[in-house]
Structure formats: structure tokens, C-alpha cells
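Consider the two complexes below, in which chain A is the common component and chain B and chain C are the respective partners.
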Partner chain A sequence: MECVVQGIIETKHVEALEILLQGLCGVHRESLRVHELCLKSVPNLGLVSSEVRLLCDLEQPEPTWTVRHIGGAMRGAGAEQISVLVRTMAESKVSKNALRLFYALGYKLDHELLRVGFSFLFQRGAQITVTVSSVNKMLKLHATDEAVPVTPGIQLVEVTSPASSENYNEVVAAVSSFCEYLAPLLHLSKPGVSTGVVPTAAAAAASLMSDGGGTAL
Partner chain B sequence: MPIKWILHWQPNPGTTVNSQILSEVSQCAESINGVKEGRWKTTLSFYKSMVREQGIGNDFPRDFVGISLAEQPGKYFLVIRGQRIVVEAESSIQMIMEKLQSYKTRVALNFEGNQYQLGDFQLRVGKVVPMHSETLRGIVMEMEYVPISSWEKSHQIMGEFFDLWKEALLKRSLPGHFVHIEPNFAEYGLPDQYGMQHTAIQYANITAQIVATSHAVQAPRN
Partner chain C sequence: MAGDLEISLDKLPIKRLDAIEENGLERFPTDVGYDEKRVNLIRRIDFAWALEREDPSKKQKSEGASAKEGATSSQQQWQWQSLVENLQLAHQELSVIIDLINTVEANDAVTVAGMTRPKQLPYEHLSDLSVSTATKLQCFRNLGKYFKQSSKALEEQIAREARFYGALIRLQQNWKIKRHRLVAAASGNEGFYIDLFDNSLYDLASVFRPSSMSTIPIEHDAAGMLTVNLPRKSCQSLQFEFLGLNSAYNLRKSGETRMQEVSSDSSRVHGKENATDEERVTEIHLTLREVHRAIHDEQVFDLVNREACNPSLRVNLTGIKENYLRLSIGEGSSVSLTLASSGQDDQPIVASDRNTVETSNDTSEKSGVSRQLGFEIYLRQLFHEYVFVRAKSKAIPLLKSQIPGQPPKDKSNILGHFCMSLAHRIFSNKVLSVLENLVHRTPYVQLISHPTWHSRTSSWTLSVKIPESILHAAIQIQTPGVGNVKAIRSQFWTKVVVIDDSISVQGEGAPNVLSLFKGKSEGVSSINGYDCDLADLPIILLQQVASQIIQWLHEEALTIGIKANRDFLSLAFELEQGEIARLVAHVDPEDAQGCISWWLTIDDGLTEEHKLRSDMSYFESQSRKFLGYLPLDLLHSTLLDFLNLCSY
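Let's turn to the complex of A and B:
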């Protein structure tokens, strides 16, 4: 399981967000360059149609591959009341020919993306990962060198944290309280619930840029 | 990692495997001064596609297997023999396969038995039984040579050791013999340096042989 929230920020404020995250997390950012292939089952395969993602980490000297399955979100009145999405998620590192395997099993490429940006990984009540990335589409199949932004000038911010059925309440609390620190720059909400950019972003960014993130917001 | 050959017992026509043969083979390993070193186990699961409607374009692979090796419990190997694909994954891939609900495990076979050391060689002799059952489906042997990890370079010494082993076994006049099928690892895109993916392919291959043999034996009865 994982807890997740998403938001968007204008690219011009990303540097300020980075300063803020650096100050909050106390760790260095890691560069992010991930080729993501979303595969879907062909019509007759499986009792229900299914979707799986192959992620190729292009930041490594030798690209590494991961299979990720994102399952359904937790439902019910309790889940609706919290501002963080809790969903099942399973991952496995795989050797480089995993794409060939899934094609052979009856999966087809639905779409592919290239995420370029950075991430912070740190411990704050839970193990939290913040990724800030521009999402790019490929004009030609697998042509990551010729990718173009899906939404120019806008970047995606995602905060995730691994959780289990025993501890997700604490993880949700940790993620929610962390999100509050970022509130002047961007609003984070459950994936699929778009809240747009926040009006205070420009002022907050200017303040961060002038004092290097030393002042608490 | 050290190279290994994985061999299976081919019963003579008209005969089947039985536990007496397995015990004779184990004794043979001890008689050539093999030192018993504990147990070993491999598990192979057959995956079957799940389809919404039978008979419509169901050309999904029928030879898709998943393999876990006791020496690497955190790993899981997926093999489609017909298409020469082997993928190394973490054991969590099993959970992903389950969640996708597109393939389910049909039958699982356990390969388990004793391990013997003979100088630089390791021998693992064991039975092939369906999970949750004791019905003997086959006999398997792993022959590992510790100092070498090149498939090509180890060929001669492995061949010579196998000849010695066959000779030792011949004295027991058993109704069958061990067979070594040499997979073409290059077709799977694997290098000459031996690794766990090579082991997974060998298991997928001998399992196909064991299944084919047991079908051939059962066929006249039907």
C-alpha cells in the first residue's frame, strides 16, 4: 500500500520549491529521469482488464527496470474524509527484457511518458518521497531523446509514502502535516482531484528565493 | 556464479520413476564419497492465462512458468520457453501477477532433496513432486562445478564428471538414465557467464521433458 497526494506548480517556481524542500528534508535532491510505459491487457485476457507500468530509470549508468502495479484506492466513509489517497501498490525490480515478456503475455503499450525532474527521499514520521517532474510525451515510439512536455510550464509534484493496513493512519497524518509546509507554494490533493496552482505561489516563491529558504513560512 | 548442469531422469520405455530409484541414486552419490551437506529446494509454477471468453483468439502462451530457487529466496524467475524469454524479478512479482488477474498458477512442482559435496563439485539429487502431494513425478540432479562460471570453458570437465557419474550409476542396473539437455542460452540473450537465469531456463526445460515423458507413459493407458 501507499499514501499519495499530487499537485502542480509552475516551472518558474520550481527552484523555490526545491529550496524549500531542501530546507525541510535536510537531504540532497536526487535527479530523476524515468521512462514510464503503461501497458494494458488485450481485450480477452484476464477476468477483468488490467494495467501494469514498466519504469526504466535512465539516471543509472546502466538503466534499471521496475514493474509497478497500482491497485484500487481504499474506499468507504473513512477514506473519503481524509485528504490523502490510500491505494494498493506493488513493485518489483526486473531484468531489462520485462517489456518483451509482457508483450508475449498479451499486454499492449497504451502510452509512454518521460518524467524528468528531481526527488527528495527522507524520514518524517514516515518515509516520504517527494518528486517534482515535468511530464513529457514521445513523438516517436520510445524516442526519449525527442520528448516534449505534455503541459509546458507546469510540473507535477507527487508525495508518496509506503504504508500497510496497520499503519496507514499514521502515514496519512505524516503526509498531511508535511503537505501543510508546502501549502504557500502548491496545493496537494488526491490524484484525479485537480486543484490548480495556488494564488500565493508567486509571493511565497519570491520570499524563498530572497532568503534561501532559511525563514519558516 | 558457479556453473551447473541440471539433469533429469529418463526412465526406460515402459517403466516409470519410483522412490527406489531415487534412493539408489542418492546412495550412489554417497558411494563416490559425496559428503551430505543438507537440503535444497526449487519450486516451479505453471501459469495459465485467464480469459473472458473461451476459444476467441486465445493464443496466450501455454509454457509460461515461474521459478523460485532456495539459494535466492528474494528472487523469482519467469520463463516462456517457446519464445525464449527469461526475466529475473524480485519475489514481489508474484503478488503483481496475482493482482493483474490475467494469469493464475495452475500446478506447482517442488524439486527437493539432499546436497552432496565431492571436492569442487556439488551434487544435488532430489525428487520432483507436485506441491501438497507426495506423488513422485520425476528425479532431478544438479551438478555444479564451483571454480568455473563460463558455460563454454566448463564443458569438458562437466562432461568428464558426468561420464564418471554415469559409470558409477551403471553398476546399479537401474531402469533408466540421467539426461543432459543443453539449452541454447544465446537464444535467450544470455551471456556465457553463468547466472541464475541460466538455472531457471534449465529448470523450465527439464520440467517440459518430465511432463512430456509422463504423458508418453500415460498415453497407452488412455
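Let's turn to the complex of A and C:
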């Protein structure tokens, strides 16, 4: 399982967000360049249709591949109340033949995208990963060099943390308390619940870029 | 008869002397109350004589009355006589009364309590009534006017109060608002104030110096709107600086811009008197947040102060002034922490003289600022997390989770952790630049960085990857029978982990020194790990990489059937004539061409010491040839050349 929240931020404030994250996490940022291929099963494959994502990390000198399956979100009254989406997620490193394997299994490429940005990985109550990336689409198949942004001027911020059915409450608490620190710059919510950009972002970014940025605390 | 009458009244209401003592001290009688005074005054009127006279006269009267009844017809003169007497008596009484009235009129100590007036005639009564009604009407009119005026004033007042209390209620949603009744009475204000002191930090309260800003009085402004007044100068903020690095001016500059922002902000507030309440409340929220932050900064600074004075692992206090701390964090770098007031007195001067420096290198400044800012936030964040949040969470489940005599481990050394993180960041940047430098000049080595999830650990992997083209070529050359024996490794890795300021290098492919002495090469591909310092790092890494390449060449040679022996940094081939050719790696981190260059030495196999000295010699001779930097494919083809030369 994983806990996840998302938000968007204007590209012009990303630098400020990076400073803030740097301070909050204490770790160095990691560059991010991921080619994401979303594969869907053809109708007669399996009992229900399934969707897997193949992630190719282009940041490494040698691209590494990961397959990820995102399952259904936790439902019910308890899940409604928390501000973080808890969903099942399984992922595994795979060899570079994975795409061929899935094609052979009967999956079809649904869409592909390229995420470019940075991430912070740190320990804070839970293992939290903050990813700030711009999502790009490819005009030609697999042409990652000619990708164009899907939403120019807007970047996606995603906070995820692995969890299990035993500890997800603590993880949710850790994630949501972390999200509060980002509040002046961006608002994070469950995926699918769009909250838009935060009106205070410009002021918060300006104060981060100029002074000690104390407003965040 | 009137001469007998004596009334002695005290006409003077002033205090009289009771006695004068011998030394001239005057004694006054003790104060008497109003009732007592009145009784005294009445007592002074001596009615005794009148009473005495009245009693016999009453007797006489009653006798007279009975006698009159008895002899009305017989004694006519007596009848007149009694009348005269009665008249005289009446006169007497009247004169007493008049005297009394006069006396009373002259003396204001006694008032006439009531007097019955003769009954008025109806028309008199009506006219009186009409006059008084007219007067009353006039009064009512005035009163009405007065009420109208005051209602208008009250409405204004209510509107003002509504503004004030509306704003107050909205502030109350986010801030703790309290009221001082005493202050309220004294200042004419309502005496509301905002309490910014966090009660949950009560057990830490002794640590902090009391802040003058923790209570902020709320006042009315001219328009009745709520305002908070605080001296701008008292708002202090924490500033963090790297010393020694040439980015010391960065924060000054930023301090200046911020200050301008603040001042323009305040002028906007003052200029915009007609700003909506919404905006005003937002402004106040902002101000309060600023103050709150300033208080937090002060507290963090205090805690840092406290910790800096305790001797700790890596932090040395090297300078201290009021609101200024200078800490050495090892490796010759130090940082300073300033609790700078955002007031406008001294800042611009500092800013202006630093401005000149900074225009020159604007690009490096940017990263400097972000890095310093990042650490500034990190410091605040650490203290927030480990002191304030802990204190709060401890305050709630205090009952079960408190073990006496066990202080929280990290609380005591947050500053140490911070400084070590800082030192680590500086150090790991140095390591990274070394690695990048190496990788830049050695094309077949790739650098991969790994997330470590920890602020005091960094990790990278150097991977040597043999290009597919060479491998494929090698496979094609291999004779089918031999090629299947062993797959050749195409990738070697070396892991560099930096924890705090110690580097550990772990890699495969380097020969085990012990097994080399024994003349065996089995132990070659085992994983070696060693610690080193920054100065040795390039050499060690290059040796590691070179030996990995030799390892690859060795495996390759064995696969294609060349008899080869490997040494630490050399590979020896036995040639047909019994000579031994060696391919020797030479590592030089300073070499701009390529960090690993190669020598070819040929000896007759008798002088063994060449083996040891070979990589130290820098001059060419007949038996040795400097090949220079060789890419992997050239190395591989060199190896193939040996195939022809070698004896089978």
C-alpha cells in the first residue's frame, strides 16, 4: 500500500518550493526523468481489465525499468475522513525487456508520458518521497527527446509514502503533517480532487526567495 | 412676655474648638453625624418654660371651659376675659413660631420639611397645570432632540464596535485573545490583547527569555477598526550564513529586499485607510504571523545558544556577541547565526556595501542563497520537530510515556546534528565534485547517485560498463568450444558511501592483496571495502577502476585463450620468446587527458622487481612504452594483438 497526495504549482514557484523542501527534508535533491508507459490489458485478458505502468528511469546512465501496478483506493467512512489517499500499489524492478514481455502478454500501450523534475526522499515519521515534475507528452511514439509539456507553466507535486495495512494511520499522519508545511505554497489533496493553485503562493514564494522564509513555519 | 422667651441656636455650622492645650495644640470635637447634629440643635432649643406654662394654662383652659359651660349666662365678663387670654396665648405661640421660622430661615442647617399650602381654586389649579404642562412639553422637545442626537452617535458607535468586534472574532478563530480588565479601566481601551505565548511549551518556558512580543495589545484606530501596534524593530529574524565561503553577502542583500517589502507593506496599510475590513484583517493576520515567527526564531536562537555552550561532538563556539553566534563546524568552515532585527537603522548600510561585491558573480550567488536558505529552514525545522512538537506531544500523553531520568536523546544534540548535516553536505559536495571530475575524464565510468533518506549519508556508485559492441566482438572471436565456459562480466561497480565525514569505498574486481602474494587469482573478484580520506579518494577510486578493467581484460584474455597473469594493476602475458609483456595501468587523477593511462613493458622475465616499480617510472626506455590513455575498445584490440604474439 502507499499513501499519496497530489497538488499543482506554477513553474515560476518551483524554485521556491525546492528551497523549502530542501530545508524541510535536509537531504539532497535527486533529479528525476522518468519515461512512463501506461499499458492496458486487452479485453479478453484476465477476468478484469488491468493497467500497469512501466517506468523507465532515464536519469541513470543506464536506464532502469520498474513495473508498477496501482490498485484501488481504500474506501469507506474512515477513508473519507482522512485527507490522504491510501491505495494498494505493487512495484518491482524489471529488466529492459519488460515492455516486450507485456506486449507479448497482450497488453497494449494506452499512453506514455515523460516526467521531468526532481524529488526528495527522506525519513520523517515515514519514508516520504516528494516529487516535483512537469508532465510531458510525446508527439511521436517513444520520442522522449521531443516531449512537450501537457500543462505548460504548471507542475505536479506528488507526496507518496509506502504503508502497510497495520501502520497506514501513522503514515497518513506523517504525510499530512508534512503537507501542512507546504501549505503557503501549494495545497495537496487526494488524487482526483483538484484544488488548484494556492492564492498565497506568489507571496510565499517571494518571501522564500528573498528572506529567511519563516512563513512556512 | 416675649422678653422671657429665649431661644439659643448655634448659628455657626463651623467646627468649634473644644479646648486649647497648654502647648497651643487645638482640639476639635469629634465629628458628629447629621442626625446627631440635628438632635443637638433641637436640644438647644429650650422648650422647658413653654411646657411649664402650657400645663397650667391647659388646666386653666379646662377649668375655664368647664366653668364657661357652668356659667355662660351668669358671667359674661369672664367669657371675654378668657377670650383675651386665649388670644394672648395664641399670639404668644404665633410669635414663638414666627421666631422659630425666622431662625430656621436664617440657619440653613435646618430645613422645612413640609408645609401645607392653602387649597387652590380650580382655575388657579388649572393655570398652574397648564404652565407646568407647557414647561414639560418644552422639556420633552429638548429631550427628543437630545435623544435623536445621541441615537445617531450611538449608531456610529455601534457600527464602530461592530467593525472592531467583527475583526476581533475573526482573529479569535486563529489567535488566542485575552482581556485585561485592569488595563481596560486604565487606558480606556477594551484591554484586549493577543497572547502569542504557547502554553504547551510550559516546561520549556524556563529556557526561553520572555519575549516582549508575546502579548500584543489590540487597539482601536481612528475609524474604529482594530489595529495591532508593535514596534517593527522588535521583530527579529534568524539569519544563517556560511562564513568563509564567498556568499556571505547573500543574506544581507535579501534582508534588504525583505525590509523594503515590509516598509512598503506598512505604508500601504497606512495609506489605505479605506481598505476593506477583509483586507485589514488579512494584514493583521500577516503581522501576527510575522511576530509569531519572530518569537519562534528567538526561541530557536536561545536553544542554539544553550546548546552551543555545551561542549559537543563537532560544534565549536568561536564567536559570540549579542544576538550573534559563530560556530565552527570543522573542515575550516564556520557558520554564523544572527538574530537580526528587521528594523531599518543599520541594515541598509551593510546591504549597500555588500551590493557591490555581488553583481560580479550573480550565478553562484543564487545557489548560495538557496543553499543557505535551505539550511536556515532546516535548522528551524529541526528545532520545531524535536523540541516544540515533542514538547507538545509529550504534554498530552504525559501520564503513561514518561520515564524519569531518561532525557530524550536527540533533543540534547540538535545543533550537533544540524552542524554535522551541514558539514556533511559540504564534504559530500567535495566528494561529489571529485567523483564527477573522475567520471568526466573517464568515459567508461558512470556515476549513479542513490537516495539515502538521511541528511548525513550520501551514496554513489561508480559503474564501469563494457560497451556491448566490444562484448559482441569478443563473442564472435571466441572459438565456440571455449566461449561457453564462462560468461564475461560486462559491468563492475564501486560504491562510495559518505557517512558524516568518513568515506568508505566498496568495490568488486580489485584483487585481494593476500591472494596476490600467494600467486593465486581466485580472490580477485571478491568485494573489498576500505575507508579513506578525501585526498586519497581519487587515487583509490582510480586504482579500483583500473583493476576492474584489468580484471575484465584478464577474464577476456582467458576466454580467448591467452595465458595471462594479473597483478594488482598490471596484466602479464607470456610471449613466445619467453619474454613477459605487461600492460600496466597508471593512475593519475591530475591528468587532463584521462585518469588511467597505460604502459607496455617488456622484460625477460628475470628481473622481478620491475613488477613492483613499473608503475612508478615515468620515462620511456627500450623496454617500456607509454601508450597513454586508451579507450576500452583500443584496450580490447591491444589484447587481441597479444593473441598473435603469445605462445600457445
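One rule holds for everything that comes next: the second predicted complex is superposed on the first by the 211 of 217 C-alpha atoms of A that agree within 3 Å, B and C clash if a C-alpha of one lies under 4 Å from a C-alpha of the other, contacts with A are read in each partner's own complex, and residues count from 1 in each chain.
FYI, a residue touches a chain if its C-beta (ideal position, glycine included) is under 8 Å from a C-beta of that chain, and two chains touch if they have at least 3 such contacts.
Computed from a predicted model, the values in this text were never measured in an experiment.
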Contacts of A:50 with chain B and chain C, given as first, second, both or neither: first
Which of chain B and chain C A:152 touches, first, second, both or neither: neither
Chain B versus chain C as contact partner of A:104, first or second or both or neither: first
First (chain B), second (chain C), both or neither touched by A:15: second
Which superposed partner A:127 touches (first chain B, second chain C, both, neither): second
Partner chain in contact with A:76 - chain B first, chain C second, else both or neither: neither
Partner chain in contact with A:91 - chain B first, chain C second, else both or neither: first
Touching partner for A:199 - first (chain B), second (chain C), both, neither: neither
When both partners are placed on the shared chain, which of chain B and chain C touches more of chain A: C
Contact set on chain A toward chain C in their complex: 15, 18-20, 22-28, 30, 60-62, 119, 121-124, 127, 181, 206-217
Touching residues (chain side chain A, partner chain B) in the complex: 41, 43-48, 50, 52, 67, 69, 71, 88, 90-95, 97-98, 100-101, 104-106
Residues of chain B defined as touching chain A within the complex: 49-53, 56-58, 60-61, 64, 76, 78, 80, 83, 85-93, 95-96, 99-103, 189, 197
Complex contacts: residues of chain C adjacent to chain A: 237-240, 251, 254-255, 257-258, 261, 289-290, 293-294, 296-297, 369-371, 373-378, 380-382, 384-385, 421, 425, 428, 446-449, 451-455, 458, 463, 465
